[in-house]
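A, B, C and D label the chains in the order they appear, each numbered from 1.
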Amino acid sequence: MIELGENSYGKRAIRLVKVVREPGGHRVRDLTVDVALEGDFEAAHTTGDNALVVATDTMKNTVYALASEHLTGAIEAFGTILATHFLAFPQVRRATVALREHRWMPIGLAGGPAPDAFQRAGDATRTASVGATREATVVESGLADLVVMKTAKSAFAGFPRDRLTTLREAHDRIMATKVTATWRHAAPAADWDASHAALVATLLEVFAEHRSESVQHSIWAMGTAMLERHAEIDEVRMTLPNLHHWPVDLGPLGGENRDEIFVATLEPHGLIEATIRRATP
Amino acid sequence: MIELGENSYGKRAIRLVKVVREPGGHRVRDLTVDVALEGDFEAAHTTGDNALVVATDTMKNTVYALASEHLTGAIEAFGTILATHFLAFPQVRRATVALREHRWMPIGLAGGPAPDAFQRAGDATRTASVGATREATVVESGLADLVVMKTAKSAFAGFPRDRLTTLREAHDRIMATKVTATWRHAAPAADWDASHAALVATLLEVFAEHRSESVQHSIWAMGTAMLERHAEIDEVRMTLPNLHHWPVDLGPLGGENRDEIFVATLEPHGLIEATIRRATP
Amino acid sequence: MIELGENSYGKRAIRLVKVVREPGGHRVRDLTVDVALEGDFEAAHTTGDNALVVATDTMKNTVYALASEHLTGAIEAFGTILATHFLAFPQVRRATVALREHRWMPIGLAGGPAPDAFQRAGDATRTASVGATREATVVESGLADLVVMKTAKSAFAGFPRDRLTTLREAHDRIMATKVTATWRHAAPAADWDASHAALVATLLEVFAEHRSESVQHSIWAMGTAMLERHAEIDEVRMTLPNLHHWPVDLGPLGGENRDEIFVATLEPHGLIEATIRRATP
Amino acid sequence: MIELGENSYGKRAIRLVKVVREPGGHRVRDLTVDVALEGDFEAAHTTGDNALVVATDTMKNTVYALASEHLTGAIEAFGTILATHFLAFPQVRRATVALREHRWMPIGLAGGPAPDAFQRAGDATRTASVGATREATVVESGLADLVVMKTAKSAFAGFPRDRLTTLREAHDRIMATKVTATWRHAAPAADWDASHAALVATLLEVFAEHRSESVQHSIWAMGTAMLERHAEIDEVRMTLPNLHHWPVDLGPLGGENRDEIFVATLEPHGLIEATIRRATP
């Protein structure tokens, strides 16, 4: 006997730009939206019956159609409206909407910010994910592709050595990473934007000030601070690559490297993942 | 109270090329290896104590050091040796080794295949993942980035229509996808290479011959055939993007599109995921 | 005084798939086309007058519209028809059409090749570029992204050493590269496909068999053979990255590397470019 | 007779990070450097004689070795030192050094900028290229990957219409592009950093304020302003993709698009290139 296990389907990479034209100037919302549905889709697989299969093209249309009226606030709110919309189909048990917002900032001119001209504000993107069933809606906020570096207060030493270990202990190394972090809300935030800004500020502050013994140590420090200072969330997940910066040996070149010259590499790289959460009593 | 939840760490994108120099000619093994460990790493997070933290640099060294003696057969076997090696550290509870093999084939010359010159054989890569604990070792085989297309026997019709549905029913559409598939072995294969070749042949044959009502329908057809014909596996997972090919409307250009001219697009795209498995009685 | 210098404009990345449905089976043509025009476009720049500016959207439409009737043979021929079409605009002095063809091959089944199911045949793409003015049309053919490797008959030694030179002489190294090559036709080929196949065969044969002292040496060997054996071309250009494969030092790991274990790297990489041509007497 | 035409070789993607540790805080210099040499390298091609071939590995070493002492100011200055260094080899006729600087900014903390923690400041990179022969050194400055958008004052109308033209005239469209611009210095700048900042400010200001009839029109406006306001340069080159934002037709979805909802696309895209320069009298 063969059976269908976990399955989902949807539309990815729906690119949506909304221009909000206000008297004081324009604002640009630039989103990439993914929609995924789970539910009563067994017949589509086993017999090719599409009677219950909401077309992924319809998901795309829905994102554009609802943006006009409903993309007025944070992506967490828009995602909740989208997920709720898809739950109106009785065959849908769970709708998951993942959103990334690419930030644009007004071009700075001599007389102030331009009202209708913008530049992309870096690679770091704000993210949200809304997973909704008829029983519960879980909202996660986060960020992706935030590239950060510490040039002090970062060590990696005291690790075990076997015959295959050649890495030197480092008491003052560069630590660089591209942060992907998500945090789960215990309840909808009163102000998604303010909540997001405050969480990111905590994350960055601890990253900068923490005396790090390893990437793991930094994740714990950032995650616990985020939970301690922000009662609205109950779990933090982080995925941090270790983007190695190796000191260049200038000795053979007749020089000396006073902790100054590094080669940045991408392959291979460390990858550290952890979840930090409030313990259930 | 704040606690550490799930966590793992390791080294990604370890690039390893092994040249096997045999009398009849050379062979090239070209692998990308990822290693991840789970276990007793709480102190590293909470107190910055690295006494149990096997350095990811050591993981990289280990892959190179063991390749010399142990990369003699399939990546499933090499992965098993690597995972077992890392389990020798008592603090490691689970070691996961994921491997991708990039294929090279001898350059064809007038007199036969070149003995020592090669060309990359496409983007499709063979994959394996070995997850080992002291209780069990699970080996999955698979493939990634196999791009395939059907120009007949593919439909998508009979789906529900609401006011946001504009997609036309298609009784003869192009279906194109980039296959990522993995299958779990019930027990180690007698011959990993032969098993892999046979599974891929089944997958391709069903993809080509199946009369598809949707991507979901094709996944089910491929997965059930793989399970029915290959007793050594007990589960198949597939992730198939729908790489849309839209007919170009040539009417406004004074022409007629007789199901012949298409625009290939990447954004947005459908994404269909499912697991097919033997039911436990 | 400020003036407009060299300028061109056009449409890039026009993605075109044509399915040719013949009794014995289908064929897939999968092209990416770039169009660029030069000519009397000064007013568009200096005064914003678009009266002579053929819209890039029209270029895209043209590619699709002409594909129906005219994409029946080689991309060199289709490119020539497109370039000629754009020269019909009197303000166009030069039209350049660059085409890449992505190859699909029928899926192999037990009973022979599938008539209507295909898999992508590697990353290597056939290329062509047609540059047409009212005076002359120059057709170049080529290939891109052909990844090849030699595991023997490749050295790099005898190079000058200064105080910043640490590279060891290598008498038997791996040489790997991703070939981009173009060759210019002295006159239109009688059979573009046969000509292309023959040129690629020569390139691969010399790459495989040549005793290479450097990438430069290999470029010369390949280029001269292509010119000597194929009278229809008069110039070859090649751009070859040196995709370094460094031997791993297994000594500190208690092993010995018998020219067997390598790390493949992408950054940094060498880059060698040269033109080989028939001398004008 | 077959001869060697234009040729060059070098090292690409040399990744260099320098940490400058000053009492008031650290600074991060993050560069990607490409080196290319032209000169007396014919024998390397034709006979495999490497006696004059400076190893590309040595070029890499040179970049790291000289960074220690000489990467103290702008990349234009460091590039000039590197190019001059390579000209010391008598067989080198021209040395070209291209540099990209990836910007990091201190993480902002409550008490001010962090002294030793940084975040990547967007994708836009400052570029420089130094081309040196024994006769002359040409320094170009520039920027790459600056993504900008205008939501007003951008039109495209009045273009010619033929039977393959379906694009509507747009009197108020979104214009978005990823700017690659370079400008050539008539003489070394007194202050490379100040010069670069001023040029970028002019470019952005004109982009924002200009009433654009086309991308060509904007290039001309930006280029002429740069030349008119900055006497130190004598030529500007720009390459601007047109990153199309198409209005979504909400009519079939029961809505109306009041110039508000757009789909951002990457394929196909326009590409506009032009050189603006001081006319030689």
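We take it that a contact is a pair of C-beta atoms (placed from the backbone, for glycine too) under 8 Å apart; a residue touches a chain by one contact, two chains touch by 3 or more.
What you see is a predicted model, and the numbers here were worked out from it, not measured in a lab.
If you walk touching chains, what's the least steps from chain A to chain C?
Counted as steps through touching chains, the separation is 1.
Under the over-half criterion for shared residue numbers, do copies chain A and chain D use the same patch or different patches to meet?
same
Calculate how many whole Å lie between the centre of chain A and the centre of chain D, each centre taken as the average of the chain's C-alpha atoms.
So the centroids are 29 Å from each other.
In angstrom, rounded to a whole number, how far apart do the mean CA points of chain C and chain D lie?
24
Residues touching two or more other chains, restricted to chain C: which are they?
Within chain C, the residues that touch at least two other chains are 15, 61, 65, 164, 166, 253-254, 265-267.
Can you list the residues on chain C that touch chain B in the complex?
Residues 15-21, 26, 28, 30, 61, 64-65, 67-68, 104, 107-110, 114-124, 146-153, 174, 204-205, 207-209, 245, 248, 250, 253-255, 257, 259-265 of chain C touch chain B in their complex.
Which positions of chain C touch chain D when the two form their complex?
Residues 1-15, 34, 36, 41, 44-58, 60-62, 65, 89, 156-160, 162, 164-167, 212-217, 219-220, 223-224, 227-228, 235, 241-242, 266-279, 281.
How about chain A: which of its residues touch chain C in the complex?
Against chain C, chain A makes touches at 163-164, 166, 252-254, 265-267.
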